[in-house]
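Chain naming follows the written order as A, B, C and D, and within any one chain the residues start at number 1.
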Amino acid sequence: MNNKPWVLVTGGAKRIGAYLNQEFAKSGKNIVLHYHQAETEALALKTQLEAFNIEVFLWQANLNEPATIEQRFEELLKQVPHIELLINNASVFEQGSLLTSSLAQIQSNLNIHLTSPWLLIQALVKQAIKQNKPCQIINISDANLSHLYTSKAAYFISKKAQETLTELAAIECAPHVRVNAIAPGFVLEATVADTEVSTQISSPLSSKSSAQLATKDINILQRKVPLADLFSAIEFLSKNHSITGQTLQIDGGSHLQCPPYMLKN
Amino acid sequence: MNNKPWVLVTGGAKRIGAYLNQEFAKSGKNIVLHYHQAETEALALKTQLEAFNIEVFLWQANLNEPATIEQRFEELLKQVPHIELLINNASVFEQGSLLTSSLAQIQSNLNIHLTSPWLLIQALVKQAIKQNKPCQIINISDANLSHLYTSKAAYFISKKAQETLTELAAIECAPHVRVNAIAPGFVLEATVADTEVSTQISSPLSSKSSAQLATKDINILQRKVPLADLFSAIEFLSKNHSITGQTLQIDGGSHLQCPPYMLKN
Amino acid sequence: MNNKPWVLVTGGAKRIGAYLNQEFAKSGKNIVLHYHQAETEALALKTQLEAFNIEVFLWQANLNEPATIEQRFEELLKQVPHIELLINNASVFEQGSLLTSSLAQIQSNLNIHLTSPWLLIQALVKQAIKQNKPCQIINISDANLSHLYTSKAAYFISKKAQETLTELAAIECAPHVRVNAIAPGFVLEATVADTEVSTQISSPLSSKSSAQLATKDINILQRKVPLADLFSAIEFLSKNHSITGQTLQIDGGSHLQCPPYMLKN
Amino acid sequence: MNNKPWVLVTGGAKRIGAYLNQEFAKSGKNIVLHYHQAETEALALKTQLEAFNIEVFLWQANLNEPATIEQRFEELLKQVPHIELLINNASVFEQGSLLTSSLAQIQSNLNIHLTSPWLLIQALVKQAIKQNKPCQIINISDANLSHLYTSKAAYFISKKAQETLTELAAIECAPHVRVNAIAPGFVLEATVADTEVSTQISSPLSSKSSAQLATKDINILQRKVPLADLFSAIEFLSKNHSITGQTLQIDGGSHLQCPPYMLKN
């Protein structure tokens, strides 16, 4: 093993997760590449990341099974004994109003957005305190949580609960570990350069893809958020040691005002 | 069956739930008396309530088992075909910090404070809309959620999620059904008159009972909240048809400022 | 002088203020009838109110001149030595975006919505504490402050500051005096029965009168707020002694979701 | 004149303002050095700043006189025709509870924290739009506004109103100009290296200087905020073009939990 610090981005084989892993690899971090079902994408991304002269550890795990996730993560921590940065990014975006959401949908959203991230934080922070090594947590939130959208009720309520998790964890993990979040708005299509991991990324709360929208309707700054603006926010949070419990809205201002494309939700 | 309207208060055999059932019985409502393990208290309360010349229907159900609660509630709705007011009151108050909460604790708090109330709302509102009959929902929140307390992390996060449920449900159930909440602060000992149901009630987030506190330290109004002030708030919300999605802080002002007794949390 | 308690509603000769004065008169309160320029309306209303067998004291004062309002209020308190309830209701609703608001507009909005109410609270609460007599304050807020509307910037910012005033005053005036607010949404046309004080009332942040709107577009409850629902909220806040620092949204749920009629703002 | 971009920090001769001016000068910006009464400090700082090979324009102006500030700023804009970054930093920190604040105190706090910044934003943004040149605004807020402190009521209410100004201005000035804020907590003593501008900086809402506090009582991260962490936040906001209407808490987490030193307020 080299001496480079390890990063774990959950849901790291696709979309924003894959992009972040590429940026971390470029900046010299080793990667725990987490995926659930996207084995093909994960293997392809692993090859790309290794070209940056870093180590990649594949970790297949289902965040919708919190009863097994604790043990799976303990096993991981035995093999990768120190992870400096955990990014809770994995997410599901299914339609479903409050009155029609099934119990299975409610529970999978809570598991993936709240309970499993909580368990990962517990295990990681306990180890960091025990080892007395630096450690940091960043949750990926959603700028549109600032408005009450009803089309994805299980998503909305579980992600709002994740915001509370961010704040309470910031208090509980201080002073050793800082816990923050970024809340992306409508993100530019992620055509990750030099990769097959090309995919369209948009706001989970929207029913339209960004391609269908006029630029001026996206947010008050009238610009899709470039993925680079998310990574610069993560780097900033990593380096500024006076910040904890903060959610950064990287969204062209959509947290301030219902963007027109959300109105029918 | 008489023609009186039915009310369901979850966790209705003890503490605030028992008090509310008594007030509803006095004001001429029939009662679905829900309990989980408190069979003794429930049977005693049933006898008392029936003295007010109303009907009482006992409903034993475990809100920590959402997988069965849907069916149990459907069965109830067949026997009590129209419930006009649902009060989601049942609660658990276990100690446990964010880093030490067990998975079982996290999940039971989510089940009892969020998922089961959500399922009850779904079934009740669908029926009310179908029957085109009046229906209303009031959640029992907690004034101290306004501050970030860490001693009962699973309680805190799941009850905050219930606040989001209140707001989203208010939108989703409008215009037919209104959904509101009351957030009690430190409540006066509930010595329910003429009953064996005497019990001490205090703030779930406090580690002290109200008997241990000087009056001036309880909240800025320096008064324990009388139970009658909770009931008057519920009556007000029931009668004012312009209010939905509102949480009423009935707390002597403790949502405004950390009460001294909470500081060690 | 009779022994009835005195109430002061600022801006009491027209619209919501006139309605509240009528309801207070009916319920046996003496009225300090405040007006600025509406002398004709004030004199007509005085005659009507006196029919309810209560006393009316006319008080002409310009809340846009805080430098004189202190002295004017001291003079009033010499003649009406104990006012039990102050309702800060006076308001101005001029168009003006943040970039085009004139200094005069910014300052008059701050004077009328923030500074003068603050000075009235100071004088009244000091006297109530000195006299050891009951006293209460209710500010009239606006449900649409929950969203960031830009068409009346000076109104918006000064009324938001009034919300902070409500909360800080609740702490500072406790335990002797409670300070709360109600936030009306789109209010029904006030055709005050049996009076000449008939006037159309709507949301200050809207550019449309309520007559121009389809009922379903007004708010999620699809109903204009009856004035009686405002008065019942004021009565509730007056009687429930465990509530302070609370703003009650009496708005058909418009604080939860941008009502369609506001979108162009 | 050189071609370097101009920056204006209000209250730029002392404390945080002086520090920021030094950092901007080091990074190659020209400085409009604003002061009110601190002429001695301003002249000394001007000499230091010019050593970095940039231009310094002294601007004496009283932000407590909004009636003259418009004209004074127009005159400035004629001489320094394009300011790329305005930092509303000037502040007053006088003691005074809500019940004892004088009218003069209320008005000076509103003038300095709200009205004059508002007027500066109006003039600057209009010019930037007209010239079609880049422009940005950052307000200096206060992390402790997250809690309701009562010892400096006029400060508290006017600074909270400035938060609303930040959000409304972000909407109104989009997409051309971004408006954000940073909210410092308890800041490390500013012993600005190589200067005579040495001064102790602390939280305006605290009655203690930072020297009197144990490190562990300052905030949950148990560290005084280094001034460099404020500057890095300003640089981040300047460079990330997807962020507007955001307040960054640079405070060791004190917005999350009442720091012990604030409790007596």
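The rule is simple: contacts are C-beta pairs under 8 Å (C-beta built on N, C-alpha and C of every residue); 3 or more make two chains touch, one makes a residue touch a chain.
Since the model is a prediction, treat every value here as computed from it, not as a measurement.
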{"item": "Set of chains whose contacts include both chain D and chain A", "value": "B, C"}
{"item": "Touch-network distance, chain B to chain D, counted in steps", "value": "1"}
{"item": "Residue-number overlap at the chain A/chain B interface, same or different (half cut)", "value": "same"}
{"item": "Farthest chain (mean CA position) relative to chain C", "value": "A"}
{"item": "Whole-Å gap between the CA centroids of chain A and chain C", "value": "46"}
{"item": "Mean-CA-position distance for chain D and chain C (Å)", "value": "34"}
{"item": "Approximate Å spacing (C-alpha centroids) for the pair chain B, chain C", "value": "33"}
{"item": "Sites on chain D at which at least two other chains make contact", "value": "148, 167, 171, 256-257"}
{"item": "Touch list for chain A against partner chain B, complex", "value": "66-67, 70, 97-101, 103, 106-107, 110, 114-115, 118-119, 121-122, 125-126, 148, 150, 153, 156-158, 160-161, 164-165, 167-169, 171-173"}
{"item": "Of chain D, residues touching chain A in the complex", "value": "167, 170-171, 174-175, 178, 185, 220-223, 225-226, 229, 232-233, 236, 239-246, 248-253, 255-257"}
{"item": "Interface residues, chain B side, partner chain D - complex", "value": "147-148, 256-258, 263"}
